[in-house]
Amino acid sequence: MSHGAPTMAAAIRFGLIGSGFMGRAHSIALHSVAATFGADYAVDCVVLADTTAERARDAAPSLGFARSTGNWRELIADPKIDVVDICTPNHLHAEMALAAIAAGKHVYCEKPLALDVEESAAVVEAAKRAGICNAIGFNYICNPMVQAAREMIQAGEVGEVVAFSGHYVEDYMCDPRTPFTWRCERRLAGAGALADLGSHLINMAHVLLGPISRVNGVVRTVHKERSETATGKVRTVENEDLANALVEFESGVPGTLHISRVAAGYKCGLTVQVVGTRGTLEFNQERMNELRLYRTDDATGRRGFRTILAGPEHPDYGAFCPAPGHGLGINDLKVIEVRNLLRAIRTGTPASPDFAEGLRVQRVMTAIELAAASGGWVSTR
Amino acid sequence: MSHGAPTMAAAIRFGLIGSGFMGRAHSIALHSVAATFGADYAVDCVVLADTTAERARDAAPSLGFARSTGNWRELIADPKIDVVDICTPNHLHAEMALAAIAAGKHVYCEKPLALDVEESAAVVEAAKRAGICNAIGFNYICNPMVQAAREMIQAGEVGEVVAFSGHYVEDYMCDPRTPFTWRCERRLAGAGALADLGSHLINMAHVLLGPISRVNGVVRTVHKERSETATGKVRTVENEDLANALVEFESGVPGTLHISRVAAGYKCGLTVQVVGTRGTLEFNQERMNELRLYRTDDATGRRGFRTILAGPEHPDYGAFCPAPGHGLGINDLKVIEVRNLLRAIRTGTPASPDFAEGLRVQRVMTAIELAAASGGWVSTR
Amino acid sequence: MSHGAPTMAAAIRFGLIGSGFMGRAHSIALHSVAATFGADYAVDCVVLADTTAERARDAAPSLGFARSTGNWRELIADPKIDVVDICTPNHLHAEMALAAIAAGKHVYCEKPLALDVEESAAVVEAAKRAGICNAIGFNYICNPMVQAAREMIQAGEVGEVVAFSGHYVEDYMCDPRTPFTWRCERRLAGAGALADLGSHLINMAHVLLGPISRVNGVVRTVHKERSETATGKVRTVENEDLANALVEFESGVPGTLHISRVAAGYKCGLTVQVVGTRGTLEFNQERMNELRLYRTDDATGRRGFRTILAGPEHPDYGAFCPAPGHGLGINDLKVIEVRNLLRAIRTGTPASPDFAEGLRVQRVMTAIELAAASGGWVSTR
Amino acid sequence: MSHGAPTMAAAIRFGLIGSGFMGRAHSIALHSVAATFGADYAVDCVVLADTTAERARDAAPSLGFARSTGNWRELIADPKIDVVDICTPNHLHAEMALAAIAAGKHVYCEKPLALDVEESAAVVEAAKRAGICNAIGFNYICNPMVQAAREMIQAGEVGEVVAFSGHYVEDYMCDPRTPFTWRCERRLAGAGALADLGSHLINMAHVLLGPISRVNGVVRTVHKERSETATGKVRTVENEDLANALVEFESGVPGTLHISRVAAGYKCGLTVQVVGTRGTLEFNQERMNELRLYRTDDATGRRGFRTILAGPEHPDYGAFCPAPGHGLGINDLKVIEVRNLLRAIRTGTPASPDFAEGLRVQRVMTAIELAAASGGWVSTR
């Protein structure tokens, strides 16, 4: 009987901050990535940090971390950690990322990178100077079908792109009785639907069509007041429930964005439509294993949108399942995201998406808010 | 054996100008309306006019008109005609409508009412002074499922409306080799996609949510030149292939419009999404017998968009078929539209939609063009 | 101004028996067919018959018939009638058809042709001897998308057919409180779901794959008793609510049929799936303007079911509308069916589907009932 | 900083046989289950066995096993193993399971349990006598939406069930050029499509409606010969490509099954339709995060199939993701399956599905083959 595999590359060692929803999703991905993508992507889950030592200690066994701590700065200082993985509330992202960068660690940060452009730019600048690997959690673009869509666009399979339309709508705050939380507070969340949902949509637009150069838009807080659960106190919601925008890409292509957290019935309604001169692509995250493709060069009377099911012929799917159409899930996208980071670390190349993309997305969000205030077009530069 | 039915109301007598696509659709509707909606809606197809006497004479037998003429002014002057039905090229609508109004006839005019706001306003004003019945061919809103959607919205079944998103995209000009036609010429067509498709979308938005009060937008001519079939001459396209707009309804609700005649794969992609505080409605003309409804008050774990199939429990469907889900078609919508006009004539009440709505729609289209030029918001007043 | 069109072929003269649901649908079609398919298909609606003179006289104006009668034998004897159109309750079909044939009239009969094989065979034999044109109302196969499917199959576009699966399920009797009607009585309706729905499915299977040669099956009466509305009397339902069958086509292809009138949620759930060695076709009457096609020879990673929207490139669609995707309805299928009959009369060729197909379908239905009784395979010969 | 969690239950120790497709899927699940469902489900991946020591040693690091061996009997004998997990070719399942049972281990076996009824019965009997925990890999029924469907049926939400229709069709052998493999050989695979796909469909039918008591059916080998890749030798396919069956459940409900491995276009076409007196459920594995529900008691004009998206309000979903509609994947179903086994071990209760269900499914498969041979009904007892 044989033990281990002595010749393989050493596992990359992770410290994870935050054991909530995203911390758990990251843990699952860290434990799955080697079995999915091979031993080159072996990960060692070393330390878990949370707000208190007790909370971290309680979560460590199920999340599969060897040690735990109630002090995230201790985690960052730990010499046995290669990567700091930040899954904390949004307003802490920048501070922690800057500390990890200062300690020379690679950094994997959930979106958003920070709460505004200035802070985001500072993190990007620090990461660049330190030369560390950095990655941001825009998981939707890791989907094999989104990757396939990008390949099709870049290969000209839909001709020259002439229009983009994107929606990201959910309904988690559509009920006016849904309480006031940190999500409603600008100091803790930054923007509202724009930050939580719009950031993903803008990132996907960037991935598919390249950078957005200018925007015009509207933001709206539909439910202007909400009550705090604990106190019953009625508070003013400080950020938007929905945002509509006209955009123009650097390529000159016009587009529309529709973003809402108060859209009854939509649970993950991230849909994009890319129209080209010879075809069209449609994607909907609620049917994440499908991509719809129309080609003008199909035979007359036989043209129609094809519903392509994800399979091993699409990027990264085969690592999860050799059989087509069996379906990936949201947590599998995180495994691909982690693999992207590990590959960047192994090869010394930039991860994608990285902090710089986090900053570009933040600039578009901010421009939409400025446009909404001014009623006119605003550049994203 | 019994002959006829001597006691019923006299049939309403129609003169139809134009034997092309729309003329044929109107003819089918005129011949079907009584069998569908009952003998009160009996129609007599009296005279057909076209550009030449020969063309009109050739078309009359199949279209089922007793007489024909090559002179539309003769038709309008005919004392045996109650209604003048205008199915000619767009640039002739206003002139013919004004002549018919002057002759005291009721007027049924295909959209658009005219090529610009001024001309449209003149027709509306003339019709109002003459006191004649008038109707415009916005057939999509006659759909039982669109009528049902309006009823649901007005009854508060989706709560208070908070957002609107509408697309009307087709692909009939997506191929750059599609020739230059009258549709590309401002003098003959007015606006491009905005007039041909956008007008229907704006009308539907009005019907569902009330008037649009201001807009911001973009227009784009994707294929800037096209060749004339006959001459091979390359000509500059004079109107837009696509238009994107941010809109605000009088109610304060924000919305987006996306309109295109170059959207590969879409054949009648008129889709609207109406989001309310307690539910959402989705309609897509390509699946015109379906309405999707989400209700937040369905039981937990049992909520989802319902795909409601058109049936006799929805407005006007039962006149066509007593069995649900068997399906109406686009020509059936014209039968409903004709019934609306006939009912207005019989009862002396305004038809819906009428010329005034044609003008309101024209004002929104024009405001979008102005906004696109200025980069800022423009009122529809 | 010109009158009529003296040189065209004389209109074909119809006498219609029955002014109910189907009588109305036939009337609409008779009035629309010339405007849709051209003056060669002009129809003259001469006499309407119903059970009483009063009922016929009341319906004649809206249905657009010149004369009316309470005696169907008088209609059949009328020398000014070319075609007898039978839209009466099922148990009267055979008697009327035989009388019309005896009078030398062409006969257009709603399905079923008769209530059993013997009676059907007698009608077919009489029609054959008389040499008259005959047509039966299997309207679903007139759908442009079903015609297109047949063309694709016959052209080998899905390779060699290897399997068929068909459902025709509706829910009009799923509620046990739905009353006992003529549909539940063998003397008036013949079989139950098999006759009402199954006949259409079997006909469509025949059209797409050729004749069914043997069957095995199950029939079931789910709700064994129902109450009469008028009397409240509880009566035993005399025919089946659902039928499942294994079938084998003459070609050797195996198939399954699932037929039900108690399938909650389905309104016109006529779906077929035809699997071939190089592709698959799916059709669903509830989305009657769509045909789904999968082709194995599409490029790797780009394969998927195409949703083809009905358009002028498919058989007969263009006669209704020059624009694709705008949608036909169930009543339009009747117009095609009438055109088929008129064309047969004009050209002296057999209509399709004709009475002989009505008999073939009846043989399959009867074989399924026999197989259900015996538990083994039964030939359709 | 704290180490581990000394007070929790000891991890359950796994030995896995087979490092191919299913071995990898099981590994991912074993590594993810604690982070997903909590520390009670901690697993220790101890030994990996494969056909050679080298193959096992190479796979161990990525699959995350501490040790490896080329001798599966050594793994079974290992005192540090609690569970033997069998992911080998089908014909080895029974032998390995019997050996593991004899060694007193719990056994987790991929489907099928064995190649025929006799062998399956022997394994079930041995497991019962030994009193060990056993589980079989029917993963599709672990889907939250399938669990929800069962709950709805059992709670009477669709009334009394009156009909079942199920398909499981894929296209992995639809191309006649697909080579002859072990799947085509009765000695190695047992039945063909029935065993590979039909077993899952029968299991799902059992879970939703209870046991199938008798069947009638057809089997067909569409492509009767295939060539071996290595030798080019043409060999006769020894099992069926498709099977159609009529079934009757113990409850008396009739159903149909359609099973095929040559159905072009379907990648995981496992669809079921359960019709009740007050509603209907539809599930399709290709859209595994959706369940369609029709309720007859929705309001008139508002009824329609609801597309319910999987969310934390459905069984087990919330352990993967707190947000609805974000989507699970096929590998997540394995995590639920593993949790089921671990829970059974922890609590000393039977796992579900267990070997006994594997035997019941085998009996139905065999009965369909017998019915196809005899042309009549066959009991599953």
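Here the chain labels run A, B, C and D in written order, and each chain numbers its own residues starting at 1.
Assume contacts are C-beta pairs under 8 Å (C-beta built on N, C-alpha and C of every residue); 3 or more make two chains touch, one makes a residue touch a chain.
Quick caveat, the model's predicted, so the values are computed rather than measured.
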Maximum centroid distance from chain D, chain identifier (CA atoms): B
Name the chain pair with more contacting C-beta pairs, choosing from A-C and C-D. C-D
Averaged over CA atoms, how far is the centre of chain A from the centre of chain D? Could you give it in whole Å? 33
Measuring centre to centre with CA averages, how many angstrom lie between chain A and chain C? 54
Just give me the whole-number Å value for how far the CA centre of chain C lies from that of chain D. 43
Identify all positions of chain A at which a residue touches two or more other chains, and write them in rising order. 266, 303-305, 309, 311
Which residues, counting only chain D, touch chain B once they are in their complex? 148, 157, 290-293, 298, 300-309, 311, 313-314
List of chain C residues in touch with chain D within their complex: 158-159, 162-163, 165, 167, 169, 171, 174-176, 216-218, 220, 222, 242, 244-246, 248, 254-256, 258, 260, 262-266, 275-280, 294, 296, 303-305, 375-377
Chain B residues within the chain C interface of the complex: 1-5, 8, 21, 24-25, 27-28, 31-32, 34-39, 42, 47, 53, 56-58, 60-64, 66-69, 74, 170, 172, 266-269, 285-289, 309, 311, 320-332
